[in-house]
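You will see chain A twice below: alongside chain B first, and alongside chain C after that.
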Partner chain A sequence: MRGQPLALVLMVMVMAVLTPAGAGARAADGRPQRVAFFVNGALGDKSFFDSAARGLRQAKADLHLATRTIEGGYDPTRWESGLVDLADSGDFPIIVTGTYTMGPLVQKVAPDYPDVTFILFDGVVDYAHCACHNVYSMRFRQNEGGYLAGVLAAGLMRTGAIPGAAPGLVGLVGAMPIPVINDFAAGYVAGAQDAAPGITVLRQFANSFSDPAMGKEIAKAQYGQGAGVIFQVAGATGQGVIEAAEETGRYVIGVDSDQAALYRVSSPRRAARILTSVMKNVDTAILRALRLWQQGRLPLGRTESLGLKEGAIGLADNPDAALTVPPAVRAAVAAARQRIIDGTLTVPTAFAGGRP
Partner chain B sequence: MTEGARIALAVGAALALGFLVMACVTDQPWAAFRALVTGPLPSMERAADGRLVMHRLVRFGAWLQDATTLTLVGLAIAIPFRARQFSLGADGQLFMGALAAAALSLGLGDVPAAIALPLAFLAAAMAGAAWGLAAGLLKTRFEANEIVTTLMLNVVAVQVYRLIVGRVLNDPTAGFITTPPLPGAATLGPLIARTNVTAMVLVAPAAVAAVVFLLRRTTLGYEIDLAGANPWFAARAGVPVARATVLAFALGGAFAGLAGFHVSNALLKRLPVDLTPGMGLEGIVVALLARGRVAALPLAALGYAYLRVGAQAMERATDVPREVVLVIQALIILFVVSDRLAPLALGSLRRVWMRIGRTA
Partner chain C sequence: MNLDLVATGTAAAVVAAATLRAATPILFASLGGLISELAGCINVALEGVMLVAAFAGVITSAYSTLWFPDAPLWLHPWLGCAAGLLAGTALAGLLAVFHLELGADLIVAGIGLNILAQGLTVLLMAHLTGDKGSTASLASFALPSLRWPGIGAVPVLGVLLNGDEDTGHNVLVYVAMAATGLIAWALRHTVFGLRLRATGENAEAALAAGLPVRRLRYAGLLLSGLLASGGGVFLGMGYLTLFQADMAAGRGYLALAAVFLGGRRPLGTVVAALVFGAASVTAARLGQLAVPAEVVFMIPPLVTIAALVLVKQHQRLATRRRAAAGRAALLSP
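Presenting the complex of A and B:
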């Protein structure tokens, strides 16, 4: 394993040498352009923020950008000054930040710094009430991923393949009842109902994105009630749900990143409990946005909606758990996916106005 | 050794150690060190037309904002400590103060600032005081240990806060769980552009001056001190010890409540449900740094806030990871509050020196 990062570094170095001078993003003085990623929390959640950070790392390698990640911590009183300071420093022509919490702050700060480009992922600014010509925002149709998770979980329960679990019961552990999480949940419930009409979805919130202990407690309660599969949509809190799945021998569906892949080396037993993960490919979305920006084609001043069709949402393949999922269930998931992409199936959303 | 020299020595030693840590984790330790030490200061530059232009006022602002909150929560710890009560309740009092101020601001709606601001200010102080009073009464009436009660009251306050922000004051259009933005009349305007430095930056030292006056020049202040120094003697001397203790708690709570007002009506201008607990506990650090002396609180708060903002600047300007930043921050605090460390180090140095002298 140790050789792999080294090989990667060598590869990048070779690529850097082979790339002719002047290619890629270079400022006028020939130095790579600097991108700042402001995290309103901390990295290490193995989920949402880590996925975004991966996108930035990829951008560094592929687009020859100099990236810097700044962890703002969990104290909201320090986020605004942190964001303004980045814009004010003049060091970064482009700032990447995410979540609906940061939306109003970007909206407040962006008009003051028209020369700085803001990429806001999984959040929006109100373009009607803000001179945000320098903000590009991305929303994700996570309800589509949630739907597939619901079809998978309910389908699996119907086959009765999980010993000790009640067949008519699946679980969901959310971080907080905010629209993004509710949107995942709305899709999940709809998917479960369509796959197994009348199924009960246990749903509980931990009220925190950073409390794995609480996540574990809730998950154990749901497994105890007979849930065979829990879909966790809870950031770092979800790590506790995955632990609970390992301890009880039940199953969990991860979120945001391919969480089975993250645990495969450190904890294979845990990885085997993760049926799949609803990937919200924040990383590729950010990479795409940065590439467009580099080419001068980033559609600033508007919001883009990304989902299954754009490849921004998807289910991860976990070979460790593949045997658990019968082919019939797998086919049902694939069919649902195709119908959503074709537009023949509209998944209910938690966002007002019907579209995220 | 004088106090100033001792602190200077401790800070110097801590910075040297911090530099060593930085040298281990980054190839640009000097840049990191400079960011830590000068980060919170604004920089002056002469523009093309010869005018002086201030840069980085945002960080300077962040320093003052942080110091304001820290001074107020420091008071919430230091005042009960005068009565020898270890209150850990600043967190809960802060949450209650913020909640009261925000709820009142939202409830009043469209009224002039001259009405909204003083009322919200008072509501925050009273809510904080009430929460402090509860801990004080539990102590004096029921002899409940104040460390336990204040910690438990924190839990209650935070959960009440989450319940009310999440269920009652929630703004369903926001995209995250938060109250609607407070009406403009109820919020304080910035004194420095693009920051949230408001009139509260003047309120904090004024509060400290008022408390110093209270403790030194009034009967109540004397009673609080006496109740703390020797409650048995104080009771014999006819001092109402219980009343003084309860009032010390309530008074401290009032200032934590004002810190809550600062958070809700000056810094955030709305309250998110996941406001992090722990700001109140930072007050303990400040009170320790000030060695329980109320008059030294603003200085301690400025010092600690400088360190926090400098650490952030270091994280922003270099590749030193956040964890190391936090370690260095903790090291500096550790050195400064370690009373005997400096004399001990000097003493052992002297002994070594003498031994060398003897063997030579």
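Presenting the complex of A and C:
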């Protein structure tokens, strides 16, 4: 996340000059091909965008692409023009961007720039209603990760291993009731119900991705009611949930990136409260897409759905909390994971019409 | 005592304690807003001041362990607190210079400083920690909480005074309460308070009366910076123990609204700040009762609008009553 744009531009320029001949994909003039990553927000969210940026960095190292990250900020009115500027500049044969909100914008812009390839992660365009032959979109089955989190949380509650917590209660703190977060939640509720039928899932949204104080207030309310584990799907707001877990001596499940790793050095006590994180491996998914593109095998004009089976969703391993989770609960999570991968278990989703 | 009654009382005390916690940053900032508003200089930069203060406090408390490795542990948060207050007050001082020396429009300069604070804190954070989101990678400190000994077991009162986790309220919660009383008293009963208000009511008259208007306005703006900084420091080193980009999340603007909602009076401002705090706490708790999220988020703005209408209505009635009384006095022989 040392994403100072200037440094990045410089690095891109240096890369362009120094990359040894014969490495990776090149344009006709022998220079590495340029990839733009448009962030509709800012890096440093400790989860989603940072993971994507990791993927881009990996792509730069492994695939010898010249990458450039453009942070569009949190003002939605600037996103479309930012995207158009990138496509119109002609500097980038391929543009990577993500999130559900960017879907309609890509759908609007892509047909005007047929020579530019768009990779849209965690969002979709409506291929039936646009000439988007140049768009590859990938969707994540985050409900599968949410399901495992639910099995873990409810399983742990059932063992009664958490002092002071009510056995029939787990919590969920979301940032906003948008489809992706609802999808996490749908899986979580289903997983909790399957692991402990009749369990109550407290659910509350903070209405912000960047208000940790609100996140903490909500988490305290849920822990106060007796929830032993809270699954937070709230971006930076979730850091408040993690603080509340530390203060109340209860547990939290992180999201998108391995959030325990963040605190392992600065605050081991806090890290020990994070049972695991539902990883949305945006980084590996983007790397994979760029590799396919380089090989000319990227399935343009369609949506791919990525989940546990593809390794795009998974649970992080937090050694600090390992002792907290009894082997039986661990086994239940592993079994659920296997059943989802085998296809014998279908996790409910919040998206209309299910999965592609 | 009836068990149900105790349970209800405890639940109410939990909400009251949470309200206190949630209202404290707004309370600090709104007291600051009130003082500068009374001095005739509305401080729109409260939000920015809070951000800068929170940032400086968190960063200083974390780095202080590196700078003074031999210092006792309790010192670091207080160093952070001092740095936060200083940095926030400095930002308000900047606003004062822009307005009072260079003649900049208060609103425009205030909004400018808010944007500056937003960007500057992220820029410095990225430079210092390599992270643009939050200071989670730093071990920063919280200011201590004050716990009343021996009442943890008392039902209701224990929860009210020591919080739902029996850890006590943060020291800044008490400072906010003390500041409220002090300011209400000072505005009413001290020469400084009178002069400050006179400057705001009618600057020319105050000037004609020989008051140092410019100096008083500096004082008003700097004091507002100091108070709002208290709110920022509480956010980063009490409510939470980290700095997160844009963590003030509009509380500075809410504080400004609280000043006017409270009719530019100390008591009214405090009540308004508490109402805002209660509204956000209610929002944080109502979701558990299967109330749709959309409805929950409407509560704080609805409360604001309703309160504004009520206050306005009240003022109109009061004016009418005064006018009627005046007419009656004129007509009576």
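Everything that follows uses one rule, which is that the second predicted complex is superposed on the first by the 335 of 356 C-alpha atoms of A that agree within 3 Å, B and C clash if a C-alpha of one lies under 4 Å from a C-alpha of the other, contacts with A are read in each partner's own complex, and residues count from 1 in each chain.
Methods note: a residue touches a chain if its C-beta (ideal position, glycine included) is under 8 Å from a C-beta of that chain, and two chains touch if they have at least 3 such contacts.
Treat the numbers as computed from the prediction; the structure is a model and nothing was measured.
In the superposition on chain A, A:124 contacts chain B only, with no contact to chain C. In the superposed model, A:220 makes contact with chain C only, not with chain B. In the superposition on chain A, contact is made by A:86 with chain B only, not with chain C. By the touch criterion defined above, A:42 lies against chain B and chain C together after alignment on the C-alpha atoms of chain A. In the superposed pair of complexes, A:243 makes contact with chain C only, with no contact to chain B.
In the superposition on chain A, contact is made by A:77 with chain B only, not with chain C.
Shared-chain residue A:177: touches chain B and chain C both.
Contacts of A:140 after superposition on the shared chain: neither chain B nor chain C is touched.
Once the two complexes are laid over each other on the shared chain, residue contacts for A:208 go to chain B and to chain C alike. 42, 176-177, 207-208 are the residues of chain A that lie in the contact sets of both chain B and chain C, per the superposition on chain A.
The touching residues of chain A, when paired with chain C in their complex, are 1-4, 42-46, 50, 176-177, 202-205, 207-208, 210-214, 216-218, 220-222, 224-225, 236, 239-240, 243, 247-248, 262-263, 265-267. Within the complex formed with chain A, the residues of chain C that make contact are 14, 18, 21-22, 25, 122, 126, 130-134, 136-139, 164-165, 167, 235, 239-242, 244-247, 249, 280-281, 283-285, 287-288, 293-294, 296-297.
Those residues of chain B that touch chain A in the complex are listed here as 55-59, 61-62, 65-66, 69, 162, 166, 173-178, 181, 194-196, 263, 267-268, 272-276, 278-279, 312-313, 315-316, 319, 322. On the side of chain A, the complex with chain B involves touching residues 42, 68, 70-71, 73-78, 80-82, 84-86, 88-89, 99-101, 103-104, 112, 123-124, 176-180, 207-209, 352.
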